[in-house]
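The next part holds the structures, each set out as structure tokens.
Shared between the two complexes below is subunit A, which has subunit B as its partner in the first and subunit C in the second.
Moving on to the complex of A and B:
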């Protein structure tokens, strides 16, 4: 015990030292700085940090057709570690790649640290037309600049066990009222079964659920940030899930635990509000239920409406340290909007491209886990066009960790009132953090 | 008896061979420093510099201008003692400190009690399969805390726990180990499971070094095994017990791996459950290395004061007999 604790301490202090040892030089990576001149015929070398599977093979398609610009993929562990590395390199003044796969919620943090370049001038005018408004908003942060090109989208959808629904003669819910009714019916028929769980570990999902109801947790208002986590729209969502947990018809234990995996596999969790990447997770965790799942658009707050939120997704950004910003932007646009690039993303890297023009042609077969639902990607495409705009803030990480603690307590107490109280706690902590750092807030 | 024991414990060997240090020093005055150099370099760069840097960072903070977007909008400035003020007035920090103190009150007595019990049992004359038992008791210590927490996490989760399954078969409902009131004990259990073996070995080694004449004398005087344990063994190994208590206190204040691994499995462990978890969260989740540094310094000072305070308190008592 002692040895391992000490080990983690050493690791902690070493990494703390490493993180900050480089903080001496202040960043001078002004966006829009001049690219290094290249002689005609000279090859441009670009470095690309990404963690999507098989990204090197996807990039190979570009390299074969673009002899002048060569992209090398540097595989990363995942979104958060890559962000930490990039922020460190930015502080140190060197060591950043030219291109970086960046999750939407991390963009404001990276922009705030001066790590990303504004590539608006380097993109063609057509790029914006390839993406849903909500997704485009995430890469502009609601400003005039463009900090990245959307790469993959993660629209929320409703996944359910069609065999269980058929047996209990439940119709697929189209509104949240129907969802609540279905949850009650399922739990009444078998006390061990739940239509879903409220997970206090997944702030990203809850943000997406409030996004569907029109919430946007942050906003830019002139020269100030506004924080609207505790808004009417979010309160309604918190109240709704708190009510279901209080009633006991929705579980209150976190997702992504061995217990949750086994509940999916054994069939005691029979539904999941999740994003388009869910088939991969289900195939890994609930292999025994293959072919029994179906997907439907999200239940709606107003009957007949057609809105969704998102959970995850990432973009391709050009860093402020890149010496070839124009070439990097050209690659980012090709990867995410051209027919070849989007096809490679979808079929080689297995992500769901954010592009709306070429994705349909690239994704014709449903995922293997949903082989009985040939229209899987048609449903996904329909939903992807309806994600509501949402702005993340410069301290998304603070809000998310406040979510873990506040909603953990609320979920445990099983009271709807505690859920709305938790929102207030999140709001207070997030605003206080912005203020104490000196951000102008409204 | 006391004089004998004290010989064992603390009196230095009586005769040191005298290498006539004066003449040596004159011949090669730099030699000792050369020998010290590697240790000093290691100490300076891996301990002293990071500590000083942490202290420096704890007095700094970042100030943002306006929206904080774009380069140049963030500057590092002096913060005085404001980071310390925030740490010491932070309700989360204070409750995490109280929580680990409560945790320590559970872990240390149970862990040392079990370690002492096992050490005495192994040391008693009649025990069989001594080597094997010693290995089995020691083995959990060789399992890294992250792995053991994962293992216990599986056993704690009702959906996958074999205990819950077995209890269900016979119609008994077990309490959930990670429920709000029990989660502290669930974490303490992992620490005890992993820590007993190490402490047992320390105490057992101390027991083995007691000369057997002592026992013979005691038996002639009519002591039974229990009395030997209580009157001779425990007093003799008291210094070892004190040392293991200090180690236990330090690891308690710095508990991190077990609750961090269990946290995603339950709603009942917050991101600031222990002081070290809070430091980790502030530094790496919230990107606020400055207030994390201040909290680290506070925790380090508290650990120092507590362990030395304890040492002073008990050492006076434990070794008081020496001065008689």
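Moving on to the complex of A and C:
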């Protein structure tokens, strides 16, 4: 999600090099290799690329109780760099780990490159029952295969400074109209304050916002991909945020920049539409505002509705290069569905598990940064069940960088018309890339 | 330094130098100041005002994954130290051979070498990755060490230096006294090349110390990371974690200190080398 300019340049040049370097190579990495037979009593060694914090300590819990299968965590950079690395290793034919923490949005890309194994046959029949349908759909891509086990969910919620809301006597918005009204009131009372920002460097959040309104940017029908970025549902969302930016009541500073961090800490950004993992970011960036934040479900497009989107979230996938796929799948299922695994994920690695059966028991205390809101995880659990279905595509990264360019200009120009225009640009670039990469489109 | 009559320094010339010096020093000053600030002060107080949290930052950096940062420093020391030492040896041998031995294809090899000097190492990182993947050697210390051993620029410098600083007569004299090739190289040529070798060592040491792309592409295990890749991984924690800016800045400061020390220590040799080059032509 967050990347420095240098990071993206490196990623860009690396992937460009990979493309040129690999285009001549054979792609035998994807061909199904059989599990290496292990003698009874022999220890299986698995490698796990992950970036969730303290994942090595979470995995210790498994290693202590499973002497036959030992998992070693290799910590990775979050987001795209690890994906690029895995795709390169897949092309090169060696160097991939057995297990990989993969963002939902990256799964179609990895599956299309033959980097992941179908582990349907290695999972027990009970795995699916642990997850919301929308989340399970993200790891099957709507096919009969299962490419990963959902690890953490990231439902969108509305975070706000309750002290500011109390002082201005604003009710917590339940619809986007009320949100706009609250944004106006706050900005009117103090010209320096904003209820939020439209960030042109976080396509994931914008995708989640359109997801809430029923958009799904890609679709798959047999072998053919369709792209629906420029849909009515997305247009409505773009129009809405463009309007607020044009009016000047919502800021246009990108998120995760030093300026935004200090605005949170100084209290000039008093709200944030973000995902369930926001407390960690707020605690790191806005330590001075501890205890002043509260969380509420997302504002809705229709009054009384109850829908959310998601921003981020990841799964545990088994790679096609793994020589111990069954053991790897067993670990992935344990980590994400067993009471011990889910508890370790939630309390040691501090992620919000996608599992719906054991999570409530694991998360009884609110995050320290929200200590005055004891029902934090109850709100989260309620929202997590209402995530609208959404399909990512095999070139999500292309669409996301098109978003950065097109919406970056739109946000600078502060015109609502430019926002909807940017959607059209994204649509065109994404479709063109799909076609030129050789995918069947319709 | 200059032995000619003292001239009045040109205002334009000095001005350009001062601007250049400021341009180079301001970022270093920024790193020093920023690493002494607490995370909440980092972007909110005056940029060049020092803070009082340097040791807190170092402690926090040390706490990160049980002191992984210091392991990165040791790794970088290993990659740069061993890599530069071996690379210097290889350069010295190759440069000596190319300067003093006549063999078939010498000019061709030298021309290829010159072409190699022009190819930036960054371009080679991915092909090298693919080669190492074929051997199953990615994600090991070797995958970063081995590619650092061959430095076309180092070999080129060594060749130039040997032709200028080691007279044929000395080698012939050694041979007449019954020394074999290895002995000639070790006991006669190497000592005469010391200033040149220090230069090559420093160049290569700094190049490996600062190298980002090669280890970034080769390594998947963060216990093998050098400090450059490690620090960048601290910034790319994924969206769910705040970027650890102040810790990263502190790490950057600590990572340049050994380089500063090395330069101060080896500066004497470096100056000798510059002077030597100036007289010899």
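Brief remarks follow.
Here is the rule we use: the second predicted complex is superposed on the first by the 412 of 442 C-alpha atoms of A that agree within 3 Å, B and C clash if a C-alpha of one lies under 4 Å from a C-alpha of the other, contacts with A are read in each partner's own complex, and residues count from 1 in each chain.
To be clear about the criterion, contacts are C-beta pairs under 8 Å (C-beta built on N, C-alpha and C of every residue); 3 or more make two chains touch, one makes a residue touch a chain.
Small disclaimer: the values here were computed from a predicted structure and weren't measured.
Using the contact criterion defined above for the overlaid structures, shared-chain residue A:85 touches subunit C, although it does not reach subunit B. After overlaying the two complexes on the shared chain, residue contacts for A:280 are found with subunit C alone; subunit B is out of touch.
Contact with neither subunit B nor subunit C is seen for A:332 once the two complexes are overlaid on the shared chain.
When the shared chain is aligned, subunit B and subunit C each come close enough to touch A:258. Of the two partner chains, subunit C is the only one that A:49 touches; subunit B does not reach it. Judged by the touch definition given at the top, the superposed model places A:295 against neither subunit B nor subunit C.
Residues 1-2, 4, 14, 17, 21, 256, 258-259, 262 of subunit A lie at the contact with subunit B in one complex and at the contact with subunit C in the other. Residue ranges on subunit A touching subunit C, taken from their complex, read 1-4, 7, 10, 14, 17-18, 21-22, 25, 47, 49, 51-53, 56, 74-79, 81, 85, 88-89, 92-95, 97, 154, 202, 204, 256, 258-259, 261-262, 265-266, 275, 277, 280-281, 283-285, 287-288, 311-312, 351. Looking at the complex, you find that subunit C touches subunit A at residues 39-40, 42-44, 65, 123, 125-127, 129-130, 133-134, 136, 138-139, 212-213, 216-217, 220-222, 232-233, 235-245.
Of all residues in subunit A, only 1-2, 4-5, 8-9, 12-17, 19-21, 23, 26-31, 84, 87, 108-109, 111-114, 141, 143, 200-201, 220, 223-225, 252-254, 256-260, 262-263, 268, 320, 394-395, 397-398, 400-401, 404-405, 408-409, 411-412, 433, 436-440 touch subunit B in the complex they form.
Across the complex, subunit B meets subunit A through its residues 49-50, 53-54, 57, 62-76, 86, 141, 144-146, 153-154, 157-160, 180, 191, 194-195, 198, 247, 250-251, 254-257, 264-272, 276, 279-281, 283-287, 289, 292-293.
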